[in-house]
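Shared between the two complexes below is chain A, which has chain B as its partner in the first and chain C in the second.
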Partner chain A sequence: MIRMLSMLLCLSLFFMLLAGCWSRRELDELGISVGIGIDKAGKGYKVTTQVVSPGEIAAAKPSGNRAPVTVYEATGETVIEAIRKITTMSSRPIYLAHLRVLVIGEALAREGIHKPLDHFSRDHEVRTDYFVIVAKGTTASNVLKILTPIEKIPANNLYLSLDTSQKEWAPAATVTLDELISDIVSDGKNPALSAVKVVDKQIGQTQKNIEIIKPPGHLRFSGIAVFRDDKLIGFLNEKESKGYNYVTDNVKNTVGSMACPNGEKIAVEIMKSKTKVKAKMSNGNPRIEIKVSMEDNIGEVECQIDITKRETIAELEKIAERRVHDNIMNTVKKVQRDLKVDIFGFGEAMRMENPAAWNQLKQNWNERFSDLDVFVTADVKIRRIGTVANSFHKEGEE
Partner chain B sequence: MAGGEKISIRQFTVLAMFYTIGTTILVIPSTLASDAKQNAWIASIAGLLASMAIVALYIAIGRLYPNTTLAGMLEAAFGKWLGKLATLAFIFFSFVGGSAVLYYMGNFMTTQIMPETPIGAFIVLFGGLVVIGVRLGLEVLARTAEILFPWFLMLFIVSALFLLPEIDLANVKPIVGIGLKPIAKASLAYTGTATLPLVLFLMFFPAALNRKQGAGKALLVGNVIGGLFIVIVTYLSISVLGADFSSRNLYPSYALAKKINIGNFIQRVEILMAGMWFLSIFFKAAFYAYGFAAGLARLCGCKDYRPLALPCGMILIAYSLVVYPNVVYMMDFDSTVYIPYAISTGLLLPLLLLAAGLIRKKPGGRTNE
Partner chain C sequence: MKNNDTKAEPIKEELKENIQKIKQDLGGSDDIIIREITFGKDDSAHAAIIYTDGLADKKLITDFILDSQTQKSYAEELDREADRDNLLEALKALALNLGDNKEIADFRSLYNAILSGETVLLLEGYSVGIAASTRGWKDRSVSEPVAQSVVRGPQEGFTETLRTNTSMIRRKIKDPNLWLETMQIGKVTKTDVAIMYIKGIVSDKVVEEVRARLDRIDIDGVLESGYIEELIQDEAFSPFPTINNTERPDNVAAELLEGRVAILVDGTPFVLIVPTLFISFFQTAEDYYQRADISTLLRFIRFISLFIAMVGPALYIAITTFHQELLPTQLLISLAAQREGVPFPAFIEALMMEVTFEVLREAGIRMPRPIGQAVSIVGTLVIGQAAVEAGIVSASMVIVVSITAISSFVITGYSMAISVRMIRFVIMGLAAAFGIFGIVVALIALVMHLCSLRSFGVPYMSPFAPFVPADHKDTIFRLPHWAMSTRPRLINQRNVNREQTSKPTKPADRNNQGRR
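Presenting the complex of A and B:
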C-alpha cells in the first residue's frame, strides 16, 4: 500500500515537468527585432526598432498589402527603458537575439557612443554577430524606416549589402559590437564604422516605394565614419575608405581603374590582397612600414595596348603599384592631417612588436600619430588577363 | 571507510579530469585575462605546471597512507583530537565549495540563459542530481564519468574546431610584454580553482582504487588532461575574443561559443558549451558533496556515508542560495578570499600532514595503520 502511494506521489511529480519551461517564450509571443537604431532625444535616447511581421515574411501566402516589417519608436532616459517602453505600442516584447544591424544616429555618434552601447554588451539576449553602422547626415530612425526591394526585411538588406560590398568592392567596414568595443578601449586604435545614407525618405517609408521598378527611396553605404575614442569626428570618402581597408587588411576583392601609358583607362580586379603593418623604432622615433602584396586580373581594357607582351604586364604592374601606394599614402596623410586619430591600428602594431617602446608612446599617441613617418611598399602581380588576349578595339581603330 | 567500493584506474583518471575542468573552464579565462592580458594562455600553462607539483604532494600522501581515507590519515598523523579538528576543516571546505559550485551553476543559468527563472529551480534540480549521485556511491559516479567522457570529448573537439576560423593571432601578441608577476598571480588563480580542490580526492585516493600501482600516475594524468582542456579554452578565448573582451566577460567561454558560425549554417550552438560545462560541474559538485557527506560520516563514526547524502545535499542546496548575496560578492570572494583559503586547505594542511606522517613513520616503520 505504502509502495503504491509513493509510486503515485512520484508519478504526480511528473506533472511539474509537464507544465513545461518556466522561462519559455513561444515564437508567436516574440517581437523579433532585426534592426535597432539609437538617436539622441533630450537627455536620453530615442530607440527605433524594426520588428518582423511574421505573417508577411513566413506565411505561404502573404497578404501583400501590409508592410513586411514594422517600426516602433520610444524614448527613455536609458536604452533599456526605451526598449521596454516599446511594449506600450507593440503587442509583443522585443526580442534582440536576431539583430542584424545596430544603427547609430549621427548626432548621437558625435556626442559619444560608449554609454548607449553598454546595454548591448550586457544583455544576455543580444549576440555579437550584427554590424554597427552610422547614419550619415540623418537619424537612425530614418534609416530603419526605408522599405527595400528584393530583401523583404530592410535590416537584412543592410546587413547583406554591407557584407557583400565589403567582399566585392572594399570601401566598407563590417564591424561587430565586440570589435567596436575593443577599438574604443584600445589606446592604439580608434574605431571606424561604415556610414549609411538615406535617399528620398518620403517615398521610402511607404509600400509604394517597392512597387516602383527603381525604388526612389533607398539606403546607400557611403564611406567610413571615423571616431576619436567613441566620438564621431569625420567621414572618409569612398576612395579613402578603400585606402583604409588596404591598411587594415580588409580588402578581399575589389576593382580599380588606372591610366594606361597613353592616358586612357584600364581596370584591374584585385583577386587577393594581403597587408602587413610593421611598427619600428628608428632613432627614438616610431616608424610605420606598410607592405601590400596583391594579385590582380585584368578586367577591362579601354586603351590600345598590347597586353600580350611581357613588358606591358610589367609596366602595368608598376602603374598599379604606384596607384595603390598613392591611395594608401593619401588616405594616411589625410587622416593624419585632418582627423588626427589613429584608425589604422598603428599603435596596436607598435604594442605587438615593441611593447617597451609602446609603453612610452601610448600617453600621447594621437598627437604623435599626426607626424608619424609612414612608408608604403606595394607589390602587384598581374596573373591573368581574362578570357581574351588583346582587346578588339586595336584593329578596329588603327 | 570507502565502504569496500572499488573503482578502476581509468575511471579514476576520468574523474580527476572532470573534477579539474569543473567550474574552471567557464570562469577562469576571464580571471586569467584580467591579470595576464594577452598572455593568459601562458599563465594557464604555468598554472598547469604548478598544479603538477601540487598533485605530486597528494600522491606522496597517498603513498604514505595507501589504505585509509583522508580522515584516517589525519588522525594517524595528528592524533585523535587534532586529527578530528583537521577533518572538520576539510568538511567545511567541501561544504563551502559544494554550495559555491551549485551557486555558480544557478548563476550561470539565470545570467545567460533563463533570467526569469528563479535560481532555486536550477539549484534544486541540479542538487537533486548530485544527491542521487552521491547516494548511489563512488562506483556509480565513476562509471558515469567513464560513460560521459566520450561525449564531453566530442563536444569539446567539435567546438574547438569550429572556432579555428575565428582565431586572430594579433590578439595574442606580443607574447612578452607582461611581467612575471601578473602571470604568477594568474597561475595562482588557476591552481586555486582547478587543482587545490583535488585534495578532497584523498577521501578515497588511493584506498578505493582496485590497483595501487599506477594510481598516482592516474591522478597526475587526469589533472594534466583537464588542465590541457583549460589551456585550449583560454587560448581560444584570448585569440578569438581578445584579452579585453575576455576579461570583461563573466563567462568568456560561453561568449566564445556564440562566435561559432560556419557558413551561416552551424551557428548559435553555444548551448553545447553549456552542456559540456554541466557535465564537468556535475562531477565537481558531486565530489564536494561526497567529501561533505563522507567526512561527516567518518567524524560521527557512521559506518556508511550514503544515508547522509540526502540531508547533506539539502544543507548544500539551502546554503548555496545564500552563500553569495550577489554576483559582485562572488567575484570579489573568488579573487581575494578564496585563493588563500584554498591554499591553506589544499596546500598547507596536506604539507603538514605529509611532514607529520613522515616523522611518525621514521622511527618505528609502520605505526597504527
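Presenting the complex of A and C:
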C-alpha cells in the first residue's frame, strides 16, 4: 500500500515537473491586441496593432494622462514575421485571441487579401469572430490610430459601432473572418465588407481629440466595399448598401422615409424583414426572384394624411413596397452595370436550387450575372402607428 | 493486562479485607468514599457503603440507602430477617428502595459499578455486594445544537450524557420496535456505546455488521464518537467521510425511520449514523420542515456551492493562466488591469490567500471567545483591503477566495466540508500545472473514487450510481411528503413503504355538494 502510494506520488511529481505549466501565461504578460491592421509595404506587409493598456482602462483610478491603447507598427515579408517583430518595441507578446477588428488598407485590398489572411485563419490563437473591414481611401494604420470618445478602446468602438449600425440602421455589413473566407472561396458569391473612413486624422491621433466635446477626428462607416474574389473593385454608397442588406437578408431594424401621396415625407421603421432569394431556370436562362416581406411601424409623419383610416395605411403600404422594390432594383442594377460581380449570392442560390444548371453556369457566372433577370416583390405590412394618431399639427390653423 | 485479571477475583467474606483491597487498588483516591456503618440488633451487622464523590447522587444515597438502614422501623424488620440469616436479600428487598440494583460478586464489576456512579453496599460475612443505581452527576442541560442550527424545527441538541441522549430519541419514536443495545468499549475508559435501530425497518445485516465492527475494536480509550468512526469506517484512506454524525435528535429519528443505525457514545453529543450516503451531507433536517419547493431550491444552492468550493479558485487559475480566450474581452481587460503589478503568479497568489483564510478560520475556532472579534477585524483588513492596496494580491482573487470560503460553509455536513477544503488545494495545484485539463482529470478521478466507496455495504453514491429512480424523490429534489412514499431502497429492502397519505385535495365545490 505504502509502496503504491509513494509510486503514485513520484509519478504525479514527474508529470507536474515535466509537463506542468506548459504554455502558461499570466494575464499581465499578455499584450492584448484588440485591433490589427494590414497595409502594403513594398513587397511585404506593414502590420499595425492596437494593444490595450489595461491599467488605463479598467483600473479604479486611471492616471488619465496615458493613452488607453498603444499602437505598434512593424513591417515584414509576411504577416507573422511582422507581428513577431513588434516584440522589439512591445514589452509583451501580441495576444490575438481577443481581436475585435481586422482592418485592411485600401491599397492592399485592391491587390488581393487572400495571402495576408492566411495567417489569421491558420493560427490556433486567433478566433474567427471579429469583423473584417476595409479602410476607405486611407491605410489601416491610420484607422487604428484614432482615439475615440466613450469607448476607451478604439477597436472596440469600431466593433460596437459596426454592430449597432447593422442592427439599427442596416447600411453596413458585419462580416467575420470565417464568413469572408467562405465568400472568397465560393463561386456563387463575392465578398463585400464594410468600409470605414477616417475624418481628420491629425487631431484624431492625439489625446486632445477626446478632450473636445465634438471630437474632430473620428471614424465613420460609409457603405460597403465590393470585392471580386479577393480584390477590391469598388464601393456602394449608403443607400445601395441598404439595398444590398435587403437582398442578403441582413436587415434587422432600420428606418426609411418615403413620399406621402401629397408629396411631403413620412418615415417608417422596419421592425421585421425577411428576404427569400429564389433562382430558377426559365427557357435556359437563369432568373432570380427576390421576395421581401416586412413589418413596419410608422415613425414620423410630416404630411397631412389621416393615418387612422384603413385605406390610408393600405396606400402607405403600397408606397413602401414600391420604395423597397426600387431600392433593391437600383442596387442590383448598379452592381450589374458598374461592378459586374455577384455580391448578393445569386449564384449560391442557384447552386442550392438547381445544382445541375449551376455546374453549367458557374464557369462564366460573373459575365452571366451582368444580364441576369432579377424580379423583386415586396410585401409590406404596417402594424402600428405609434402613440398618437394623426400628426398634432393641422395645416391652416395658424 | 495482568492487573486487570487480578481485579476479577471474587469478593471475600471479610469486610475489613475487602475495604483494605479496595483502598489499595484505587490508590486511596480521595473521591472514593467508603463509609462503614453498623446497624441491626445490637449493631451486630457491619456494612460498608462505597461510592464515587461527584458521580453518585448524594441525595439518593442519603434518602434511600443510609436512611433506610438507620431508621427504626426498618431496623426491626431487618432484625427479623437477619435472624433468618438472609440479611442481604432483606436489604435488597426492603432497604435499597431504588429502581435498579444488582448483585455483584467480583472486584472487576465492583470497580466498574463504583466508577460509573453506582453505590456499592458490602456486608460483613457475605461474598456478594449490592450495586444500587445512584448515577447522578453534573451534566450540561439540553441546549440548542451549535453546529447544526435551524430556523424552523426542534431547537434541542444532544448532550454529553448517553442516557439523556437515548431518552431524547425515545421521546421522538414511541415504538416498541426501537431497540437499544449497549456495550462498553475502551479497555481503560470503559465508555458506554449504544446502538439504536428500529427492528423491522433496519436491515439486519447492517446491524450485525455494526455489532461485528464494534466488537473488533480494541483500544484503551474512546473519548468521542470520532474514535469509533475512524475504527469502523469502510475505507481507511479516503478524503470523504463514509459515516455521518449529527447532534440533532430529530435528525437521528429521521435516519432511524429510513432504516439506518445510530451509534451513540457516552461523553459526546455527536451521534454516528450508518450507512451514510454522499447525498446525506447535502441534506438538512430543515429540508423536511420547510415546504418542498424552497427545500429543493436550497439543495440546488448547496450543490452549486459544492462546485464553487471545490473548483472555484482552480478554475480562476486555469482560465487566467491558460485559457484567456475563454473570457469575454471586457472581463479579460479588467482582470488584466487588476493583475497589473501583482508580483506573484496567479497560483501563488491564490495559494497565499487560501492559506491565509484557512489560518484565520482555524484561529477563529481556537481563539478564546472574547478575542474572537479581533480575528475578524484583522482578517478583514489583512485579506480584504491591505493586501489589495499594497498590490500583493489582485482584487478579483480576493473575491474568488471569499466566495469559495463562503460556499464551503454552505455544505451542511461539516466533515464533508473539510474534505472539500483539502481536495480544493490538490485541484488548484493541478489547475496551475495543466489548466482546465488538470481540473477535469481531477474531477474524473474524484468521481471514480466516490463510486468505488461503500458505507456498510451500501454504495456511497447511490441513488446516482447505481441509479435508483425512486430515491430521486429525496436527493437533489425534495418532493412533498405525500409523494415520498418509499424508504431509500438500498438502505433497507424489507419494509419499504413509508406512508400512504394521498395528495391533499381541495374541498369539493360547495355548489356541487348542495346538489348532491
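The criterion applied here is as follows: the second predicted complex is superposed on the first by the 376 of 398 C-alpha atoms of A that agree within 3 Å, B and C clash if a C-alpha of one lies under 4 Å from a C-alpha of the other, contacts with A are read in each partner's own complex, and residues count from 1 in each chain.
Assume contacts are C-beta pairs under 8 Å (C-beta built on N, C-alpha and C of every residue); 3 or more make two chains touch, one makes a residue touch a chain.
Remember, it's a predicted structure, so these values are computed and weren't measured experimentally.
Novice: Should A:Met89 be classified as contacting the first partner (chain B), the second (chain C), both, or neither?
Specialist: neither
Novice: Return first, second, both or neither, reflecting whether A:Ser23 touches chain B, chain C, both chains, or no partner chain.
Specialist: both
Novice: With both complexes superposed on chain A, which partner does A:Arg351 reach: first (chain B), second (chain C), both or neither?
Specialist: Touch status of A:Arg351: first partner only.
Novice: So, A:Ser182: does it touch chain B (first), chain C (second), both, or neither?
Specialist: Touch partner of A:Ser182: chain B, not chain C.
Novice: Can A:Ala314 be said to touch chain B (first), chain C (second), both, or neither?
Specialist: It touches nothing on chain B or chain C.
Novice: See if chain A has more residues touched by chain B or by chain C, and give me that chain.
Specialist: C
Novice: Touching A:Thr128, do we find chain B (first), chain C (second), both, or neither?
Specialist: Touch partner of A:Thr128: chain B, not chain C.
Novice: Share the list of chain A residues that count as touching for chain B in one structure and for chain C in the other.
Specialist: On chain A, the overlap between the chain B and chain C contacts is residues 21-23, 127.
Novice: Quick one: which bits of chain B touch chain A in the complex? Just the residue numbers, please.
Specialist: 111-118, 121, 170, 173-174, 176-177, 241-242, 244-245, 248, 255, 258-259, 261, 267-268
Novice: Can you name the residues of chain A that touch chain B in the complex?
Specialist: 21-23, 121, 124, 127-129, 178, 181-182, 185-186, 348, 351-353, 355-356
Novice: Spell out the part of chain C that touches chain A in their complex, as residue ranges.
Specialist: Going through chain C, the ones touching chain A are 237, 320-322, 324-325, 329, 332-342, 345-346, 429, 432-435.
Novice: Quick one: which bits of chain A touch chain C in the complex? Just the residue numbers, please.
Specialist: 1, 15-16, 19-28, 30, 32, 34, 52, 54-55, 57-59, 95, 97-98, 100, 125, 127, 153, 156
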